[in-house]
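Letters A, B, C and D name the chains as they come in the text, with residue numbers starting at 1 for each one.
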Amino acid sequence: MKKVITGTSAAAEAVRLCDVDVVAAYPITPQTSCVEKIAEFVANGELDAEYIKVESEHSAMAACIGASATGARTFTATASQGLALMHELLFIASGMRLPIVMLNTNRALSAPINIWCDHQDSISQRDTGWIQLYAENNQETLDLVIQAYKIAETVLLPVMVNIDGFILTHTVEPVEIPEEEKVRNFVGVYEPRHAYLDPDRPITQGPVGVPECYMETRKQIEEAMEEAKKVIDKVNKEFEKEFGRKYSLIETYNLENADTVLMAMGSVCGTIKHYINNYDNKVGLIKVRTYRPFPKEEIRKVLEDFDKVGILDKNISFGMNMGALAIDCLTILKDKTICNYIVGLGGRDITIQNIKEIVENLRRAKKDKTEWIGLNK
Amino acid sequence: MQFPREEFLAPGHRGCAGCGASIVVRLALKAAGKDTIVTTPTGCLEVMTTPYPETAWKVPWIHVAFECAGAVASGISRAVKALKRKRGKFKDKKINVIAIGGDGGSADIGFQSLSGAMERGEDILYIMYDNEAYMNTGIQRSSETPLFAATTTSPAGKVWKGEDKPKKDMPMIMAAHGVPYVATACISYPEDFMRKVKKALSIEGPKFIHVLQPCTTGWGYPPDKTIEIGRLAVETGVFPLYEIEYGEFRLTYKPAKRKPVKEYIRMQKRFRHLTDEDIEKIQKYIDERCKLLGL
Amino acid sequence: MVNIGAIIYEPGSSVKNKTGTWRVFKPILNVELCVKCENCYIFCPEPAIYEEDGVFKINYDYCKGCLICANECPTGAITKTREEK
Amino acid sequence: MIEIRFHGRGGQGAVTAAQILAKAAFYDGKYCQAFPFFGVERRGAPVRAFTRIDDKEILIRSQIYEPDYVVVLDPTLLDSVNVLEGLKKDGAVIVNTVKDLDLGYKVYTLDATKIALDVLGVPIVNTSMVGAFAGATKLVSLESVKKAILETFKGKLGEKNALAAEKAYNEIIEKYGE
């Protein structure tokens, strides 16, 4: 059934469809409407879940870790300061290999306090061992949350589904909501293989990782990340077979006709596609949907015939004057010119005019550079 | 009394000789029995019992971080509920969910998470094992460090007399949350402590037990005196034993005649800088508190 | 091989760590004087005291020699000696 | 693609109006998108909300700068906010007011407050204004507007709001013709 709903509602619908057991909820803009919607589902008996009204995001993640370690399918949602507050626990969730799924509604970080969208929050958690997916629209949000459970429970890593604050969270648009039975068959019931607290099988979780074992645990997470690429690919294909919508680690748009290539993540990809369709069909787009694990080979392959690329980043690595996606690409695209465009920080709108400016700038570019687009004079 | 013989904490752990924390665990788990899940925040107990690949725990156990045992226990308790209801797991067994946290992990950095769990009415037992300082990091002051005790961050010097504040009153703060059961206990009174654990576990909802646990290393006394010092803390009125059941306060042990605080103080290096005059101040403070509690 | 998530599947596996080597003083239990008050048993932090064939025994593989048992014994049945190494 | 901007005050339901319009377009078989201006405004402050309607999937995510239509829920906003900002030359304005307005654009006016007070008993005009928009532009059908309203507000409240929309729709048709 198709319904006109917001991005946060789309995520909440996915949580209901996946029959999540334990939800930990703490309000933060622009995520709040997600946990509100889930509360409604639980209050009306549409989702049979334990709903923990925790007193902070730190406790939200801690409760999810406790619940997941007991063998429950868990969910929480956050943004910005909330995600930053969770920081240490994100490492613990991945270190314990718990398949927690979290919605992060991308929002800038203080100070100055800013409730609007950029990717600084999730990018700052890049190295916590979480799989990071970025959605372009509300349909993708729902679909990615469903797939996230299957991916997480297969590779035993937590998954963060990122959607742009306000731009998706507060925007309604048509979303196909799949049948409950179909989704439940697709994700199955979570049967923990490695970690669950049960008096009949007394295991110890979260011990002291002495130097003799710690490094191995890191290597295992890295291997799981590598494995995740294959698993995500497989789950994408299974999803397409079941629900008809096609997903992949990266998505390309109009590359076959392009003389100029942009690369980006999240909702701005829609604006770029609109630009391509209406203003300049010589532009192509690489949309990075799976940011961690980073699809190195896939990106390299689609860029084989191009000698430069314009990378849009809604985040900034201070002291490097580059965004994360561009920095990552430096290491895998050594033979290409990388032009980095810092855009949309703290809710600065990314307009068609901005895209045009980027494309023109990129066409002129002879060497690597970083430009801040849309700054006020 | 014959104490239950089943052990849920195995020997071979790395606790100090004379460690009181392991006595807390032994007693609590003998009272709770096998069908128990334990979470421990970061601290001595966690470190000494679980250096990979060995664990001293014989019940399912999890450590997450320093400041979130209340939330972790909430997650476990709710997961048990959900999995019982939705998937028929854990059969019909009543599963005890117990958090065992030190004073730092409970009264300081973990306070918010503990308060949240208590206020929400989670069906958990939180045991705060109180050794009155951050022992795991080498004896730094916590909000449970008593008046005039020297620690590495509240040292006795020419100007300072050790810690300048008395203990934070955790059981009363927990009672103010309106939880059904709050108690104090001391490892030197094992029957009393175990009875309280059993009683707590028979009650649905959040329960809190504050158990005093002398620490040979942090307090500065010979390891064989762990129990004797705990007993003195109670006999002097420094650490009164009571319970608050559904709001009703009751002393569970009343010494015939309170011993002078000096006897307790003089056994410990952390108080050795004190003059008789200083001890008199502590005595006065303790007298006032005991009066308030009817001791 | 480190277990996934560094989970320890063998409960009570710390028994592999024989902490008896830590000992400086050794408690000796004289069964003749024991009144079975259980003080030594219940207050042992390891635990290294156990009951077998109706008598309490000390497991020197784990006893760290803290001597709480000796201190809490009401009859003087447990005495301390220097560990001979 | 048609782009519409709603002007209202916090609490008047401008965001809901934009969403109802989007839903109505969806029921008419079109693609749609609606979003608020992402502000920190509280009750009473001027707010904006946007709707996009198209026959193709809507991909663009930027805000709306050059709307085809402007809908003004509160006439006092005309004095304090430039509601015509960026409005396309051949665009139109639909205003809740009892006055006749000369704004240099095609203007549709109606007393939506009266309709709201008559039908709902409260001066909340968002549903009436969506009805008026449908009457003025014919971009969405009245039937779909009513369906969207009934989906948004449950029970009696939904029926009353649907009636308000219908009245506003009819009033516009009566005043300006089909």
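Heads up, the rule we're going with is that a residue touches a chain if its C-beta (ideal position, glycine included) is under 8 Å from a C-beta of that chain, and two chains touch if they have at least 3 such contacts.
Chains and their UniProt names: A = Pyruvate synthase subunit PorA; B = Thiamine pyrophosphate protein domain protein TPP-binding protein; C = Pyruvate synthase subunit PorD; D = Pyruvate synthase subunit PorC.
Only a predicted model underlies this, so the values are computations on that prediction, with no experimental measurement involved.
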Task = Write down the chain pair with more C-beta contact pairs when A-B is set against A-C.
result = A-B
Query = Counting in whole Å, what is the centre-to-centre distance of chain A and chain B, each centre being its mean C-alpha position?
reply = 42
Remark   = Cα centre of chain C to Cα centre of chain D, whole Å, reads 80
Message = What's the distance between the Cα centroids of chain A and chain C, rounded to whole Å?
response = 53
Message = Averaging over Cα atoms per chain, report the distance between chain B and chain D in Å.
response = 62
Note = By the touch definition above, chain C meets two or more other chains at residues 2-3, 6, 8, 11
Inquiry  = Going by the contact rule already set, what residues in chain B reach two or more other chains?
reply    = 50, 52-53, 55, 57-59
Key: Residues of chain A engaged with two or more neighbouring chains   = 202-207, 209, 213
Message = Following the definition at the start, I'd like every touching pair of chains, please.
response = A-B, A-C, A-D, B-C
Remark   = Note: in the complex, chain C contacts chain A through residues 1-9, 11
Ask   = Quick one: in the complex, what on chain A touches chain B?
value = 19, 21-22, 24, 48-50, 52-56, 58-60, 62-72, 74, 88-89, 92, 189, 197-199, 201-210, 212-213
Request  = Spell out the residues on chain B that touch chain A in their complex, using ranges where they run on.
outcome  = 34-37, 39, 46-47, 50-53, 55, 57-65, 67-68, 70-76, 78-83, 85-87, 89-90, 93, 95, 112-113, 115-116, 119-120
Task = Sort out for me which residues of chain B touch chain C in the complex.
result = 1-3, 5, 7, 9-23, 26-27, 49-50, 52-59, 187, 190, 216, 223-228
Key: List of chain D residues in touch with chain A within their complex   = 19, 22-23, 26, 31-36, 38, 40, 58-63, 65
